[in-house]
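You will see chain A twice below: alongside chain B first, and alongside chain C after that.
Then we have the complex of A and B:
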């Protein structure tokens, strides 16, 4: 025994062809392997506790560079698994002491895992983010140069009136955008088996100044993904005040930990 | 698969023939916020992760950038700021001093009142 190790668990699946994860580097840079129990397979990696133990995790999770690398690696492995077989992805930083406790976890929740895997089978998660298109923001402020600035009350009152009109125009535009985003969500939900809303991301995160109005995830039957992408395109056309961004397909992160399981577990 | 002109299509993963690596924010909100939560043997305080997610939602690159654009609410958020935690403790202490004083004064009033009239 050289150093104390733990088992980082990525996901649970039914089975995966031997060797299909040989090329995938895990969070610790090591070989990803499997732990099998009760007809289920946990995708895992042996990791040094020096880096992935309790105290180390608490420290490292606050280190954005470490977190980025680890989150990408975690995602990469799950992404590689989902190409082979339906998965239930585990939250980042699910670490066990060894094979025995992973096997016990699989066996103890075998029915729930099988039910969840059944729900994920031949399904994909797609993400849609809706932003206010930049030009809509510009339209929201009506032109105020060259208009009459008289009327009862003189200049000051005229200014206030103009300002009030501007603000209410902005509010109207904003309300309209929100309603449009809701319409988009409604239309896309019709095509989906399930949907989930993530909190809108801050502009600092998205790198755009346009406010994000909707950050949704949709669980789709595989064969509907083309209809779905087409629908996103059509909706973008019919709502020119919005900008739609489509991401995916994702492993079903947003639907694997749904309430049914949490209640039962 | 070709989206309309207004849709900027990106890919969450290379799976499916996409070409762009997934956006870090998109990955983080999924692997930290979502995914199945089962407590492993190594206990990471979920609150720590929750807290971190909140911070990340705000800004990935650096907190300094956010501060520069005037976003600093976490400095007043007791979960995120040691300063405000200390402040909260201080305020709580001040509150309890007030309560003590209040109690003593009430006792006093009661004593005085029951001295004058024989009721509470």
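Then we have the complex of A and C:
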């Protein structure tokens, strides 16, 4: 084949048994293979630059159907690797010109990769999203200001007073929700080796009108995942104004930063 | 034991656990959650990459794509008939 090709890199790991990724379809539909250098293994796939080159990527990343398919394929491969061996996932759309440049990348960052792989060993990422439970929003308004509200100023003033009370009750409720979400995050962080915060997802994307208060990721020792799941359940019970959603286990996407160590809290 | 991907609301009852779904994990994951991770997480290594990721705000790009096509997402699972052109935005 003469069409220009690049190497899509999925992840870096120490080593992986030969043939263990034979059944996994990659982003380009090709065979997933490895590039080895300096005791490290990059999981990669030869991809046509016509679809995965710079100009094509800029275009394709805005095509939701392409993006979804590619993101799922990227994840599928990384997920298959992480079942065998600790991984440092690469960000989506990391494409190198060929084996030599991937090998150079591995060698150039070998110490960082090894340190990161050590951090990921026998650990998993879990996600917790916290929403305001719908009923809390609904109950917030009528909490204050009864109908006996007939102070000076007649009906108009009474209305305004009631309205102001309602608004401040809503503000209080929101503040309380935020504090509760922070408490949840604090409690879950206690169980985790590390945590990271993603921006809350927009309501158009979550499919619920309830505002998302927390979109967090936690890096857990493998053997703590049961404790963690139980803790999420207990926190959901003790914070009835919140709705908690648990996802995972994930490959450690949110904790793979080789360069930025400690910026997430 | 924790290999199966879990997703769902945690029911606030002490003995209940989130349902562990044995279905094909990758396809069950919400796209938004996945994009949070594969677009903003993972390692970025400068070098001979074809596309310098730092040049493109991938998260903005993807969110624009997502928001633009949110009606397509909300549609039925077979709603693949939505034209891809809906997703694309002019500019850049």
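Note that in this section the second predicted complex is superposed on the first by the 251 of 265 C-alpha atoms of A that agree within 3 Å, B and C clash if a C-alpha of one lies under 4 Å from a C-alpha of the other, contacts with A are read in each partner's own complex, and residues count from 1 in each chain.
In this text, contacts are C-beta pairs under 8 Å (C-beta built on N, C-alpha and C of every residue); 3 or more make two chains touch, one makes a residue touch a chain.
Everything quoted here is computed from the prediction, not taken from an experiment.
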Chain B and chain C placed together on chain A: clash or fit? clash
Check: Touching A:92, do we find chain B (first), chain C (second), both, or neither?
Finding: both
With both complexes overlaid on chain A, does A:222 touch chain B (first), chain C (second), both or neither? second
* Asked: Is A:198 in contact with chain B, with chain C, with both, or with neither (first, second, both, neither)?
  -> both
So in the superposed three-chain picture, is A:65 touching just chain B, just chain C, both, or none of them (first/second/both/neither)? second
Chain B versus chain C as contact partner of A:42, first or second or both or neither: neither
Is A:52 in contact with chain B, with chain C, with both, or with neither (first, second, both, neither)? both
| Looking at the overlay, does A:104 come into contact with chain B only (first), chain C only (second), both, or neither? | second
First, second, both or neither for A:254, with chain B first and chain C second
both
In chain A, both chain B and chain C touch residues 6, 12, 49, 52-54, 57-58, 61-62, 64, 67-68, 71-72, 74-75, 79, 83, 88-97, 101, 105, 109, 116, 125, 127, 196, 198, 201-202, 204-206, 215, 226, 229-230, 232-234, 236-237, 240, 243-250, 253-254, 256-257
Residue positions on chain A within touch of chain B in the complex are 6, 9, 12, 49, 52-54, 57-58, 61-62, 64, 67-68, 71-72, 74-75, 79, 82-83, 88-97, 101, 105, 109, 116, 125-127, 133, 196, 198-199, 201-202, 204-206, 215, 226, 229-230, 232-237, 239-240, 242-251, 253-254, 256-257, 261-262, 265
Contacts from chain C onto chain A in the complex sit at residues 2-3, 5-14, 16-18, 25-27, 29-45, 47-51, 53, 56, 58, 61-70, 72-74, 80, 84, 87-89, 92
Within the complex, chain C is touched by chain A residues 6, 12, 49, 52-54, 57-58, 61-68, 71-72, 74-76, 79, 83, 88-97, 101, 104-105, 108-109, 116, 124-125, 127, 129, 196, 198, 201-202, 204-207, 215, 217, 222, 225-226, 229-230, 232-234, 236-237, 240, 243-250, 253-259
The chain B residues in contact with chain A across the complex are 1-16, 21-38, 40-45, 48-49, 52, 56-61, 65-66, 69, 71
